[in-house]
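Letters A, B, C and D mark the chains in the order given here, with residues in each chain numbered from 1 onward.
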Amino acid sequence: MSLLVKGGIVVGATGTQLADVLIEGEKIVAVLDPAYSPTVQADEVIDATGKYVIPGGIDAHTHMELPFGGTAASDTFETGTRAAAWGGTTTIIDFAVQRTGEVVQDGLAAWHAKADGNCHIDYAFHMILGGVDDDALKAMDQLVSDEGITSFKLFMAYPGVFYSDDGQILRAMQSARENGAMIMMHAENGIAIDVLVQQALARGETDPIYHGITRPAALEAEATNRAIALAEVAQDCPLYIVHLSASQALEHVAAARDQGRNVFAETCPQYLYLTLEDQLGAPGFEGAKWVCSTPLRSKHEPHAKDLWKGLRSNDLAIVSTDHCPFCMKDQKELGRGDFSKIPNGIGGVEHRVDLIYQGVVDGQISLERWVETISTTPARMFGLYPQKGVIQPGSDGDLVIYDPHGTTRISVETHHMNMDHSAYEGVEIAGRVGTVISRGSVIVADGNYHGRKGHGRYLRRGLSTYLV
Amino acid sequence: MSLLVKGGIVVGATGTQLADVLIEGEKIVAVLDPAYSPTVQADEVIDATGKYVIPGGIDAHTHMELPFGGTAASDTFETGTRAAAWGGTTTIIDFAVQRTGEVVQDGLAAWHAKADGNCHIDYAFHMILGGVDDDALKAMDQLVSDEGITSFKLFMAYPGVFYSDDGQILRAMQSARENGAMIMMHAENGIAIDVLVQQALARGETDPIYHGITRPAALEAEATNRAIALAEVAQDCPLYIVHLSASQALEHVAAARDQGRNVFAETCPQYLYLTLEDQLGAPGFEGAKWVCSTPLRSKHEPHAKDLWKGLRSNDLAIVSTDHCPFCMKDQKELGRGDFSKIPNGIGGVEHRVDLIYQGVVDGQISLERWVETISTTPARMFGLYPQKGVIQPGSDGDLVIYDPHGTTRISVETHHMNMDHSAYEGVEIAGRVGTVISRGSVIVADGNYHGRKGHGRYLRRGLSTYLV
Amino acid sequence: MSLLVKGGIVVGATGTQLADVLIEGEKIVAVLDPAYSPTVQADEVIDATGKYVIPGGIDAHTHMELPFGGTAASDTFETGTRAAAWGGTTTIIDFAVQRTGEVVQDGLAAWHAKADGNCHIDYAFHMILGGVDDDALKAMDQLVSDEGITSFKLFMAYPGVFYSDDGQILRAMQSARENGAMIMMHAENGIAIDVLVQQALARGETDPIYHGITRPAALEAEATNRAIALAEVAQDCPLYIVHLSASQALEHVAAARDQGRNVFAETCPQYLYLTLEDQLGAPGFEGAKWVCSTPLRSKHEPHAKDLWKGLRSNDLAIVSTDHCPFCMKDQKELGRGDFSKIPNGIGGVEHRVDLIYQGVVDGQISLERWVETISTTPARMFGLYPQKGVIQPGSDGDLVIYDPHGTTRISVETHHMNMDHSAYEGVEIAGRVGTVISRGSVIVADGNYHGRKGHGRYLRRGLSTYLV
Amino acid sequence: MSLLVKGGIVVGATGTQLADVLIEGEKIVAVLDPAYSPTVQADEVIDATGKYVIPGGIDAHTHMELPFGGTAASDTFETGTRAAAWGGTTTIIDFAVQRTGEVVQDGLAAWHAKADGNCHIDYAFHMILGGVDDDALKAMDQLVSDEGITSFKLFMAYPGVFYSDDGQILRAMQSARENGAMIMMHAENGIAIDVLVQQALARGETDPIYHGITRPAALEAEATNRAIALAEVAQDCPLYIVHLSASQALEHVAAARDQGRNVFAETCPQYLYLTLEDQLGAPGFEGAKWVCSTPLRSKHEPHAKDLWKGLRSNDLAIVSTDHCPFCMKDQKELGRGDFSKIPNGIGGVEHRVDLIYQGVVDGQISLERWVETISTTPARMFGLYPQKGVIQPGSDGDLVIYDPHGTTRISVETHHMNMDHSAYEGVEIAGRVGTVISRGSVIVADGNYHGRKGHGRYLRRGLSTYLV
């Protein structure tokens, strides 16, 4: 079975070209000059004239079915990957979880059990280490060598839940320096934050906005700097800061990168578009929809502007979603009267490709950076390249045909995520996902869904090829 | 006539792949999965198994036949482009010159006259503006729209020769902001340097090393910052700092880039490998070989280390050579007894690809950055992409098959530049240029030269596609 | 004749104390424990109970009778020093001027002629060098050794009038490094500014606000950095940036100071209180009152906040006025229809002590910093210490008894400067100058003036004792 | 009883003057013009002609009799304050200790018991909080209001001993922000250090130099930044970093100070003169003499140069000694074969005034900065001003008459500290402590000791008057 995508504008990380893409079975086998490709035979031909042809989106930060605060993220691997596909994302990297006291491999097995046979698109796992000890460090080596898991997330926040102290972090970084893995860091000073949270609650400040106020940018910046320092002590262990939201944290990342170090960061669409005041501070309990950590930042400070700047300068390498959806009903509502009990998370796996394309339309980033930050760099950063993230022979046939003349309107009425609200309700975007192809199969076309549960395969990842 | 390069490891800016490259006539028409390409017919097949296949090198900074200090650079377009080809460079961008008082277009015509019919590889021109006035600004618009010249170099050094004052610079930047051109800057405070030079000569300090001592890093850094400030006043006009050599100058570039601005810089191999003390300070008049501006920097300071760091972080986007060769005999000798009369320049167009590959071997940069800094980014930066700088269908058939198992030894005995010495005499490098293909023609193979004068064509460039 | 100031709170740069001050003739001869001083006899006793006793204010930057743009500053040495006295300033350092082409000593002689016998308070001179050449550099040495003039101001702005190029600046700095003088710098890139001015006028932008818009902060910051770099090349010649107004310029000063260098800066009250929009942008031609260079900055940027911060951190060492008054009638009016013809300057010599005391009341700076920035540091910086700037035996009997419970209202109706308007019309300040004593003579007391023209003496200054 | 110090050069923080100082009983009652003072009667006259008269030194960081690692610092309050007196220090501020689990006031009482009646010079206490909880925070308020203790030290190092976590630190800072106290911080990431220490010991790296190697500068810098961030979250609580030793930590302090914040730091003579390689790395177990935390830093890095720079720029406000002496015999020897068991500390209370005067001789700092960093600023910083730290009427009669023409040679043979070695053995210094006067009593004169145990009194301190 062969498929020829003809006449499109292929967009890659370094530029655009008019080229045809030939897929045989699940793989791209040729990229062709349109003037040359008429001689090529294909079973099926898709006309992409006037449209962008990009490698399928890779969302490097999702949390399907994540248990949190007595409930679990509302998207299963089935619903979540289907929504991702609708939005032009053909690969997710989800976070398998080792809870404190649990055997790492057991945590991984549980995640495989959730995902196996349920995914609409390809998937891989990072591993969250909830407790760094000798056993966990040995397990880390084993996951890198045998399981295709080459990135490990630690938390400087959530004491008593996921929190690692600086000694544990240092040890994990030293191990990563040896086995080649990437350390991913949730960088917020959770010990100090917990003091602020308790003080706020004691003062009766229980509304959702206090979730943001008790997690000040200074404590994200502090933890970011600390993680960078610990990675330096660990002989420049590769470090990836997740969900960076604050200007001050970005400054620390930029300083490390100016030193030529292997320090990287991602941001998420919510930090580019939504704010402490307008969303988290919505009247009544409405703000609960936007309770996530790191929190939305103040519109009176230049965070969003700086984050776009960071995306231009590559001080921010990747846009992920940190997709972690909770419904208002029965879930977010657990925190009525106590913001600290609101499950943390925003759902957005379906909208990332569109929301960042809007940055191209707005002149914030170039077309090339759009593709690079949503697909090519995630693949390189997390050991999926060149199987994913690029349109070239030998790569998987994961393509999105994106229509720059279309428009997208986001709403709970039309989205496919398992949520009873949308974080971006009513937002309109210039540009629209047209056709989505996953390993050679058309799964979205003309507004119809052709994918299926179980099509998605687990991806064993190699080491990062993005290191400097 | 078709040519298939088979079995090689294609290296691009984002990674490597095993792929075959099919060229028809002068153009790449397909990049193919090796498993698929056996079905492809080609008139000639080159086996690249175990070798790197990279886009031909682009040297964005050369000065063939440049008149300077009463003599002229010793490489003609013929000898210089032939030497470039030997070294894996298939495109140069040379600097056409408008002298003060001259009509810009006349300067350009003179450069076309020198190059036309003489080049072994493709070439383009930047334009040096030796005098910014109303006429020159109009000419600038015309060159951008009609002549394929989209970058203009100004000098903050060389008062009375190429120097522009800050008002002229600002006006040129404002025009560039309008017409889309890139401003390239020789950033040294020449007014202050001239005072230091006169004082040194008056003290009898006439040896070549005083060329370096009278051009301190602080004055390169100052001018770099000034250029960046003027570009800011000109509404963020794109700015490209040439031959950056000093840590302090790099810091200013990094700071501007951290702000997400369109500020770029190149460095040259001489600043990565050679030093004030060891080369410029060689006994007697020997140091004259290494008189260039900006000068070689002190080995007691971390300049070279920082420049490699900048290449990693992309604060330095490009490696060019600033190839400007002068023989010792009759040329460099003009400055015996007065360093200020030594023609400024080092020849190196033949060695850039090898010298930067050595950085890969030494662990300074990745394989991807090698290709990006010597080919892909120069093409993007200066409006040659995707015709040049990338291996993809539609691009010119400019390829280098590079042997990572070969070795290169640099010497005046073996080089092809028209120089009576080598700036890198005796240097040995792991890696070797094997086959060089220019627009589908093999011009170097197995140590033999198959190119010819006149094969190289003038390239009309578009605007930069590298802007953020 | 002896005078005892009893019971006051003596405020110095390091703290406060309850102490009595005994003056014999023109000099302080003792500072005494109030419990001990009853045994002291004095001809006259002033009760300062509940009031601050501070060393007389020193305004290190005034321009009495300065010719500018076809007119001259409206305060003579007589009127200006009388107004200064009213406001608690007992010493000024005015700028003598060498015009381009003029012999430096002739310029100095002219200034002595203006001031001699006319001043109400003591005065000293800096020297403006309008043309740095061999003769001027020799004159510089002579002024330092013979004339008590140890600071020299250069201009990076005003091409064709006061402008020095970077070579001239470097040479003057090298001389200063030898003879120990301080280089003072008007740091604005005048060459670039002149382009912006001509372009604005050509577009018909002639209102006063365009004076500010054509002098962007980026060009003050650039020049500041350049001056700092040139001083570094001149072996760390002491450098003093005058009338610093922009956050970005302050950053460069702070960076140099963090390096432990002899780089200093002053700001002026107008930059702490007045803005581009509210004053310079006043309707019609009203804004002309506030045309000064560097210009007032935008209230939408954090300049004023940052300047107060700089005063706290000592990145700004001194508050001077840059007193250069012009009346609206016949003077500012010269620039109706062409902002570039408006004489540059604001009058404020009378209000500095009060305006900065307001910063104490507002919590911006401490009481100690008030005294330090308006008196002690100016004395140390410019070689007047310990004759001036401190209350200790051997120092001149220059005291201000300041009433923290008084209030001051600024208005053209009540001020003593020779101006037909006030830059601070209607401003009310908590605090009030009570008694002013100059070299042992009470010149202001209880709202009455007791001083006289001719009382003020020329002060030969030594070298700065503020260097690190 | 009156004492007149005649003819000396009085040196203060802002400059020098020729003045006589009259002491009546324990207090300075007058500072006098030498031409005026002949009329003054005094019981005793000391001729200080040609000598510097400075306020008595204040060592703001000592640990007399501190229990540590199973032993105790070898100087008692008696021997230590006597040695201090010999070296020109007339006030110490020692650290009273609350151990974890102990009532704060009990810890203070224990310290009073040690010091009471035993001190040769005046003394005050900071309080170390070994455990921040509700009781300790209440005690903190009480000590500020009732006990004259206005500064509290916390440790980011020494887990299980003195360590506070970030939540405890934040709470203490919030309390300090309310009650006006200063938080002092031992800034090293002790959690990470402990990992490095255990790893080093496991590798058999037991020599004293590994004490330094396992406490890298990056972890001092990290903790310094963290403390600054926490103080920011605590509404800009005043923060004082003790024993700053690393360039990278200084950069964080400088950055905070450039923001105008109440962040201060001290360094110690050992970091200005001694190094990791030359002292801590001495052959065999010799290096144990120089085991202190923060550790001595590498001579191959610019730490010492940067610290002197910081003393010039006031990014380092104070020089203290962190005097914490342990003999080799029976004390340092506890760590033979395990560097982690070597008691941490260097003795130097006797040599600070001389060692920093050497910086004046070497051109590192000015005479004024010498006095400011060793006396005036400590007094202002810690609420002893104007009783201490300045020569003015009303202040205590604490004076040192310092002979710039003398010399000092440091040796265990001649020092007065209770140590069996000297950290500065054989060092020679230009300058010599001559006469030392404490509250009007001559305690050192002409190489003879006239002081006595019990002369020194406990000083209740006020709040810092150094805040910006």
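Throughout what follows, a contact is a pair of C-beta atoms (placed from the backbone, for glycine too) under 8 Å apart; a residue touches a chain by one contact, two chains touch by 3 or more.
Molecules present, by chain and UniProt name: A, B, C, D = Dihydropyrimidinase.
Since this is a predicted model, take the numbers as computed values, not measurements.
Common neighbours of chain A (Dihydropyrimidinase) and chain B (Dihydropyrimidinase) under the contact definition above are absent. Computed from the mean C-alpha positions, the centre of chain C (Dihydropyrimidinase) lies at a distance of 38 Å from the centre of chain D (Dihydropyrimidinase). Annotation: 51 Å between the Cα-based centres of chain B (Dihydropyrimidinase) and chain C (Dihydropyrimidinase). Taking each chain's centre as the average of its CA atoms, chain A (Dihydropyrimidinase) and chain C (Dihydropyrimidinase) sit 57 Å apart.
Residue positions of chain C (Dihydropyrimidinase) touching 2 or more other chains: none.
If each chain is drawn as a node and touching chains are joined, the picture is one closed loop, every chain linked to exactly two others. Of all residues in chain C (Dihydropyrimidinase), only 12-20, 24, 27-33, 35-37, 251, 254, 257-260, 308-310, 312-315, 365-366, 368-369, 376, 380, 385-386, 389-390, 392-395, 465, 467-468 touch chain D (Dihydropyrimidinase) in the complex they form. Of all residues in chain B (Dihydropyrimidinase), only 165-167, 169-171, 189, 191-192, 194-196, 216, 218-219, 221-222, 225-226, 229-230, 232-233 touch chain C (Dihydropyrimidinase) in the complex they form.
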